[in-house]
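In what follows, chain A forms one complex with chain B and a second complex with chain C.
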Partner chain A sequence: MTVAVLNPAAAEPMASPLPGPHAVLTEGLTKRYGREVALEGVNLQAPRGSVYVLAGANGAGKSTLLRTLMNLSAPNAGRTEVLGLDPRRHGARVRAQVGYVPEGVETGYRWMTAGRLLDHLSAYYPSWDQAYAERLSRLLDVRPERRIGRLSKGQSRRLQLVAALAHRPPLLLLDEPTDGLDPVARDEVLGLLSEHLADTGCTILVSTHLVYEVERVAEHLGVLRDGRLVAQAPLDRLHARLRSYRLEAPEGWTAPPDLADRALHRSGPGRELRWTIWGDQPEVTARLAGAGAVVRDVAPLGLDEAVVTLLRHRTSS
Partner chain B sequence: MTVRDSSLPEASAAPGGWAVFIEQVKTIGLGLRREGLALGALVVVVTVIALNDVLEDGAQLDFPTDASFVLPLMALLAPFAVWKGERLFRGAHLWTLPVDRQQHALTKMLAGGVWMLAAAVGMILWLMLLAVATDGAIFGPHDRLLLTGPITDVVQPGQVKTVAWTTPAWQWASLFTGTAIAYLLSSAVVIGLRYPLRWVAGCVFLLTFLSLAWSEDLFEDLLEMLVMGPVGIDYVLSGGAEGLDVAVRLADGQRATAWRAFPTAGPWALATGFWFIVSAALVWLAAWRHRER
Partner chain C sequence: MQFAINTADARPIYVQIMDEVRRALVVGTLRAEDPLPSVRQLAADLRLNPNTVAQAYRELERDGVVYVRRGQGTFVAERASASDERQTLARDVAGRALLDAHRHGIGAEELIEAIRRTALPRQTSLKAASE
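Now for the complex of A and B:
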């Protein structure tokens, strides 16, 4: 198997602007920790009322980006807008409208019980819906008498989800929300998120490195690699544009350079090749046929496969 | 699917300042239960020991002047308990909440101050109770020795007289103002420094090193200026009463403590005002480090 080292962005950018209005907008967002670059010129747009999945490997900058949106971390350059507000100037107002599940497993204080934490939060959010909080706690099996310091990773996550949802915020920022959850709990959480979305019409920006877990609720995808947003598109566009082509080509066949530049992945032994190409299918098919290859099969990529392809791809630069 | 109650406030609404303060008072109170129990246990032990001494010797326990030093010492430690578990420089829980960060830090500090002053009141009442139970002096006049002449090896009867001293109101107030200033100063250190204990230990180490390497008297000079200077801590805590104390040997060979002069309200007010301004400014600066930016 070979991995392409070409530049597919020449014909049509993979990270293109998404239609507004946007719940989250970043322009040239850059964050450095000393010499280490966590985010580099990120232009992210999460349309209002949608579910935006931010995918990336561990350490790609997903948590840093979410922390920046909450104004928990100050960027070095660039602009951010959350629900029309600049978090650096209106941090408190932004946080009042956001349900945030942080990357760390602990929320609140170790000595606090889960029930006390929810009471504590209810004082901070005038929109806190106690009945909803109780219902969520029952559904996610959050026991109020348990001490936070003694909760398992999964129990902590469930408590954080209750805390994030119970004030019915217009924006949810979820950092690896299914981390530590067993399959049943994960399924329940995704069901709850779907219900919450339908109920409130909120926007969800969820970061994960396990995209298959959130595929059923995802509408837009952004892919962060080494702090750069290398792809951003609605899922239907991603499915339509990023396709796997099974080709039969004569010995020594070479594709036209501009088409080869759009191939994110190339594999296959001998004359039977499998290329993953970003582009309009009829146009790509016609170009391949025109160059002498026979297109045997074209298939869209699953979200997980698409993300893996985008993450593995390295530009020649 | 649930239907949202239309009577609920909009999600964008931010909490009121008073609601946040009350919540912080509650949260800190619950968080300090362990420390409260430890303090309670200490009070019980000291009470038992003191009453035992009283029963054995028939002594009276006056309201101790040392309280003006013990309470501020407690206040220096209190912020470490108030801010425990809050990783202020590494994504504190406090910062994720919908309140301006600088304002939130100050609110939590004030909420902790409520408990600090409550503890101070509790301690003062306890000491008063001990005094009442043993027929000791609290408010009423009690005898003090006052030097009327120069300090000599042996104080002659004409150089000292006994006066009936009644603790003035400002000296009672100094119990609280001294405690509040100590709490503010310590809060500034805990809020504003990433590693407060390391800073405190580092400063002590540096001063000790300098005093050894440069001048043996440096540490003592600094300490004297800090404690006995024109706006020194002694003036804040007792109106200079400690500095006015002098150990004397009376003509009959007995050793006693006498005052060189009466402590007065003026220097206390000046020092208290100065330290209030300094400590409040330091707390504001410490909280400012965590501002929204």
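Now for the complex of A and C:
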């Protein structure tokens, strides 16, 4: 089955600014590696106290963006603000207030034990909560006596999560946080994140290519494709604007050209068509009906489906 | 009380939580003055964003289904009568059925007629089985 996405460029932009105050803000953020573009003019806003999911294919620039926020990577152009600070000028202050789970599991300190590393971090972060660190370690089965160099991928990931959460930072930057975790550990981590949110009211910016995992906690979605932020919206707006229309059309029916241009995805065998359209539902429905199609059904897209549609839609950028 | 939340459902999650509370009232698993789980607890149990749970509770409070006792939590309101909730719930179920019928090209009258035809023998057999 095909799907049509009405070209949003003709109607309204799919990437719109999110309301402040922002925990993370980028303006025109651009990063190139030689000729290769990693990020191109990214304007991202993560409102304070919200969960922002950054979706995209592998290599879309998600990790580069998070690294830039931590001042681990210097942009070629643009401005970034993390908790009101410029990470390029206040890198250490930013990092002290952020719980960061980086891409990959290389933690350094391979000779240290997990417990020794956590002790070391507890001295670095004034807000370190020892009781919480112990509880997290217990729930995520992080054994203090284990040497870091000998940890499996999943064990390292769990240690990184304990380290990121235990100082109760106002901002969590999580780069594929469940990467390498088995299903039970993954579920445990999602439960801990819900609890952590309820206790701290922190902001979470989480990058993932498995959006269904974080669908239940997500409040805003940003979609990165080839280094560009092609969509950004609160989930309720996405739910309301991006919809799948099931149409019944007479033989040889052609849609009004401007509507057809706005379709993000079209499909359908025979006389039944399925179009995915970004826009105001009553307006779109009226236009389709006015053009002679019967609208059988209108449904919002699941987050996964929405991301796939937005990633596949090539004409919007 | 068991909450069933499904991200594939067309209803937003906070609406699903509200519907689950209403369902529990109708079925009788929740009664007046019963406490709801805390926002933190329900969020952690269902792996949800606490803001979503809080939104559902706020809307339920606005609808008079629950009330907040300061520092103690959220409780089912006295006036949340099961019969009102029953009607609301029945309307919701009917709305979903109508939508589904429309999707299949079936009109309202046709659907009602089909429900009558389907329900009667079923009720008779259920009754027979319980006797």
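Operating definition for what follows: the second predicted complex is superposed on the first by the 307 of 317 C-alpha atoms of A that agree within 3 Å, B and C clash if a C-alpha of one lies under 4 Å from a C-alpha of the other, contacts with A are read in each partner's own complex, and residues count from 1 in each chain.
Here, a residue touches a chain if its C-beta (ideal position, glycine included) is under 8 Å from a C-beta of that chain, and two chains touch if they have at least 3 such contacts.
Keep in mind it's a predicted model, so treat the numbers as computed, not measured.
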item: Dominant contact partner of chain A by residue count, chain C or chain B; value: B
item: Touching partner for A:V51 - first (chain B), second (chain C), both, neither; value: second
item: Partner chain(s) touched by A:E219 [first = chain B, second = chain C, both, neither]; value: second
item: Touching partner for A:D199 - first (chain B), second (chain C), both, neither; value: both
item: First (chain B), second (chain C), both or neither touched by A:R296; value: second
item: Which superposed partner A:Y33 touches (first chain B, second chain C, both, neither); value: neither
item: Doubly contacted residues of chain A, that is, touched by chain B and again by chain C; value: 195, 198-199
item: Chain C residues within the chain A interface of the complex; value: 5, 7-8, 10, 12-13, 39-40, 43-52, 99, 102-103, 105
item: Contact footprint of chain B on chain A as seen in their complex; value: 67, 70-72, 74, 83, 88-89, 91-93, 95-97, 100, 102, 104, 107-112, 116, 120-121, 123-127, 129, 132, 135, 167-170, 195, 198-200
item: Touching residues on chain B, where the partner in the complex is chain A; value: 1-5, 8-15, 19-20, 22-23, 26-27, 30-31, 34, 85-86, 91, 93, 95-101, 292-293
item: Residues of chain A defined as touching chain C within the complex; value: 49-51, 187, 190-195, 197-199, 212, 215-219, 236, 239, 246, 248, 296-297, 299-300, 302-303
